[in-house]
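In the part that follows, the structures are each spelled out as structure tokens.
The same chain A turns up in both complexes below, where it pairs with chain B and then with chain C.
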Partner chain A sequence: MNLVLVSVVIFNIVVSLLFSLGAAPILVWMERRVAGFIQDRLGPNRCNIGGFRLGGLIQSFADMLKLVFKEDYRPKSVKEKLFFSFSPVIVFVCAYLTFMVIPFADDLIIGNQIFMMQGLPIDFGILWFLAFAGLSVYGIIVGGWASNNKYSLLGGLRAAAQVISYEAAMGLSLISILIVYGTIHLGEMVRIQGELLFGFIPAWGIVMQPVAAILFIITAFAETNRAPFDIAEGESELVGGFHTEYSAMRFGLFFVGEYVAMSASSALIITLFLGGYQIPWLNTEALKNNLFWVICCLMVLAPLMSVVFARWIDKNNAWPEENDKRNVEARWLKRALVVINIVLLSILGTLLLLGMSSDAVNITVALLQIVTFALKLLFVNFFFIWVRWTLPRFRYDHLQDLGWKILLPLAIANIFFTGIFVVVFGA
Partner chain B sequence: MGIKVVPRHGKSFKEKIYLPAIFGGLKVTFKHFFTNLKDTSNIKTIQYPEVMPKDITPRYRGIHRLTKREDGSIRCVACFMCATACPADCIFIEATERLDGIDEKMPKRFDIDLLECVFCGGCVEACPCDAIRMDTGIFAFVQDERKKFVINKEQLLANEAMKEEEK
Partner chain C sequence: MIDIIFLTLAFFALAGGYGMVTCKQPIHSALSLIVSILALAGLFALLSASFLFMVQIIVYAGAIITLLLFIIMFLNIKEENLPKEDDKTKLLIIGSIVLIPFNILIIKAFSTLPSKSLGIKEDGFGSIKDFGEVLFNNWLIPFELISILLLSALVGAVVYARKDKYNG
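And then the complex of A and B:
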């Protein structure tokens, strides 16, 4: 039985690593390609290993290698060497640890053991997120200050002021959600969101608390220093903002930290407002009872989606010359698709034919929920990128106006009305 | 002339809550994203090394060439007009006597340092014999050594005009 425990714990850590750290190169790639497509450009699509470009994904790894092997340069003017070196680590570690309390599947029951499907099996939930999201700004402030450069210092100060004003609104918007759910435990919240409102709408947070959802999403953008709130970088005014003096992997940690923080914020938005790992209309119980039909649907859907994807490859990854490396890559990708389909279908088919023990049902449900969570995570991350390439940056006073005069009163009013509603109508 | 009243925006409630405008913007960017994702051939980017740009006109000043006479011999008479006109001093000519009776003088050496050249076309303007032209349309020249950028008389003679001359 101990073997099960160890393997589930390792699995959890690996999956949360994949979602946070492994997401960074994918997000960098997505950012560039999505930006390209939005602006009618192509984006990076040339970098390859043996002809395999994977739509330009290899570029991220090349960039990462470049950052690792660059000279680790520190300007002479930096007096506080320890803080200078330490601040990227703060940003990175905080962003990374935030992810650890996000549940990516319902509690897994194997035999008589119950496992929490999250990186660290602790139930601080939302408090952990707030603590680390607040702490990560220290990295930016300390880095900006230790750089001994006026632009960096201004960037750090802007980040400090921005986070103070938006963390207030964020905390208050969370309170109304806590009133509705009555718990700080994220897994519990997602379980509540699996139910149905009036019998046909999934009781997702965004339906129950639309105002809080909008407030939280806006403040989450500010919290991760993403556009339109990326005035801490503000390259048009502040050169590079807080990371002006940083280069090589020190800058790389800031860079990756930003994307990990974005991914963590997306995960929290999903967990609080978009039903977490729940498939709409199919909560864990319903999924366990109807697993046969769900698997049948998957067995039909997977080949269909693969055919659509293969046709997309034929159309967009082709080149007039027969043996061009683009065509070679497309052929191999299509073969890989066929192999994946065969493996998937044979596994699902055996499951269907042999029938499933309760453990197998639980594990399959958990895997399905992890996939659902990953898809939702990808979509919300896409939303972050999409907004970045749509909206211009806020001016500093507009930003403070929005934070203190609009978001904060709205959040307080929302708490007030939610409280009245809950007291009058019951939870 | 009457006074044109410019309407001021941003006062109505819909504009003040800002979200409809944001969603409008998101719709526009998503439309671009989706059409380009569905079919990347919608994007106007040229796949450069495989596909060359087609909009290089004959008047584009590319790498120089030395023109030839009807019989295929060099047209240049080594008068040094181009080297004198050159603001970058990148043309190096060494004259020699021409013994085949077509003319009196011809260049023994005619080098152009492409790293010095500013592609002003001054040499083409200055030439009295129409012996040097910049109509090759070659805009990309890459070498791995500095001295390879100095192109000599044979290379200049080998360059051809991009398009047939209009008569």
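And then the complex of A and C:
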């Protein structure tokens, strides 16, 4: 039995690592390609290993290698060497720890053991997120200060002011959700979101609390220092903001930390407002009861989707010469798709043929929910990138006005009305 | 195991406090205060007061010290503006000697306390629900009074910060 415990814990940690740290290169790639798409250009797509470009994904790995092997340079003007080296670590660790309480599947029952499917099995939920989101700004402030550079200091100051003012609105927008759900435990919240409203609408947070959802998404953008709230590194005014003096892997940690923080914020947005790991209209109970039909649907859908994807590869990765690198890559990718399909179908087929014990049902449901969570995570991260390349940066005073004069009063009004509604109509 | 964690956290709390008092740079003082506050939060967690643990990090470490750092940086204190503390070690030694009788008193007071197990209490002790029930049943009036106090401080700050129409 202990073997099960150990393997589930390791699995949880690896999955949360993949979703946060492993997502970073994919997000960098997505950011650059989506930016290219929005600005009507291609973005990086040439970097390859033996002809394999994977749409430019290789570029991210090349960039990472470059950052790792660059000279570890520290300007002579930096006097606070300890704080200068330590601040990227703070940003990175805090961003990474925030991801640890996000549930990516319903509680898994194997035998008579129940496992919370999140990196750290604790139920502080939202409070944990707020705590580490607040702490991560120290990395930026201290890094900006220790750089001993006016631009860096200004960047750090701006980050501090921004986080203080948006944390207030964020906390207040969360309170109205807490009133609705009646718990701070994220897994509990997602379970509530599996219900149906009026019998046909999924009771997702965005349906029950649209104002809180908008407020939280805006403040989450501000907390992660992403555009349009990236005045802390506004390159048009501050050169590079707080990381002007940083290079090599010290900058790399800031850079990756930003993407991990973005991924963690997306995960929290999903968990609070977009139904978490729940597949719409199919909550955990329904999934377990109808798993036979779900698997049948998957066995039909997987080859169909693969055919569409293969056609898409044919269309986009073609070259007139027969043995060009692009055509070779397309051929190999299609072969890989076929292999994946065969493996998937044979696994699902054996599951169907042999019949399923309750453990197998639970594990399959958990895997399905993890895949759902990953898809939602990709979508919300795409939304972050989309907004970044669509909206211009805020001016500093506009940013403070928005935080204090619009978001904060709206959040308080939302708490007031939610409270009255819950008292009158019952939770 | 718990003893080791307690000792580590207590060490960091004390070291943070010491650094906060003795550091010359205000920013170093503020940063050592954070260490102390985080160690205290850890001590709360050891006492299974999970809500207090999280709130300590969110409010003190996350918000108040950020504000403090912001203001210290905003003042942009230069090295030469800091007060010269030449006889700091002398003052520290004299101060600790003066405090010895008081410390002995405190140790005696602790030794007369009845011995009770300091282990983790039963389930739900420090959880949000129990905390809220106690706060809003037994301590409602003090809670509301404190909130009025905070509100008046807030209004006062706004009045001071507001630009006067006539004085520009």
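To be clear about the criterion, the second predicted complex is superposed on the first by the 427 of 427 C-alpha atoms of A that agree within 3 Å, B and C clash if a C-alpha of one lies under 4 Å from a C-alpha of the other, contacts with A are read in each partner's own complex, and residues count from 1 in each chain.
The rule is short, and it goes like this: a contact is a pair of C-beta atoms (placed from the backbone, for glycine too) under 8 Å apart; a residue touches a chain by one contact, two chains touch by 3 or more.
Because the structure is a prediction, the values reported are computed rather than measured.
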| item | value |
| --- | --- |
| Superposed partners chain B and chain C on chain A - clash or fit | fit |
| Geometry of the superposed three-chain model: angle at chain A (Cα centres of chain B and chain C, steps of 10 degrees) | 120 |
| Touching partner for A:Val142 - first (chain B), second (chain C), both, neither | second |
| Partner chain(s) touched by A:Phe221 [first = chain B, second = chain C, both, neither] | neither |
| Partner chain(s) touched by A:Val163 [first = chain B, second = chain C, both, neither] | second |
| Dominant toucher of chain A (residue count), chain B or chain C | C |
| Which of chain B and chain C A:Phe229 touches, first, second, both or neither | neither |
| First, second, both or neither for A:Val387, with chain B first and chain C second | first |
| First (chain B), second (chain C), both or neither touched by A:Tyr181 | neither |
| Distance of closest approach, chain C and chain B, by C-alpha atoms in Å | 25 |
| Footprint overlap on chain A, comparing chain B with chain C | none |
| Residue ranges of chain B touching chain A (in the complex, touch as defined) | 19, 22, 25-26, 28-30, 32-33, 36-37, 39-45, 50 |
| Residue ranges of chain C touching chain A (in the complex, touch as defined) | 27, 31, 34, 50-51, 54-55, 57-58, 61-63, 66-67, 69-70, 73-74, 76, 128 |
| Complex contacts: residues of chain A adjacent to chain B | 34, 36-42, 214, 315-316, 319, 386-387, 389-391 |
| Chain C-facing residues of chain A, complex | 83, 124, 127-128, 130-131, 133-135, 137-138, 141-142, 145, 153, 156-157, 160-161, 163-164, 167, 171, 184 |
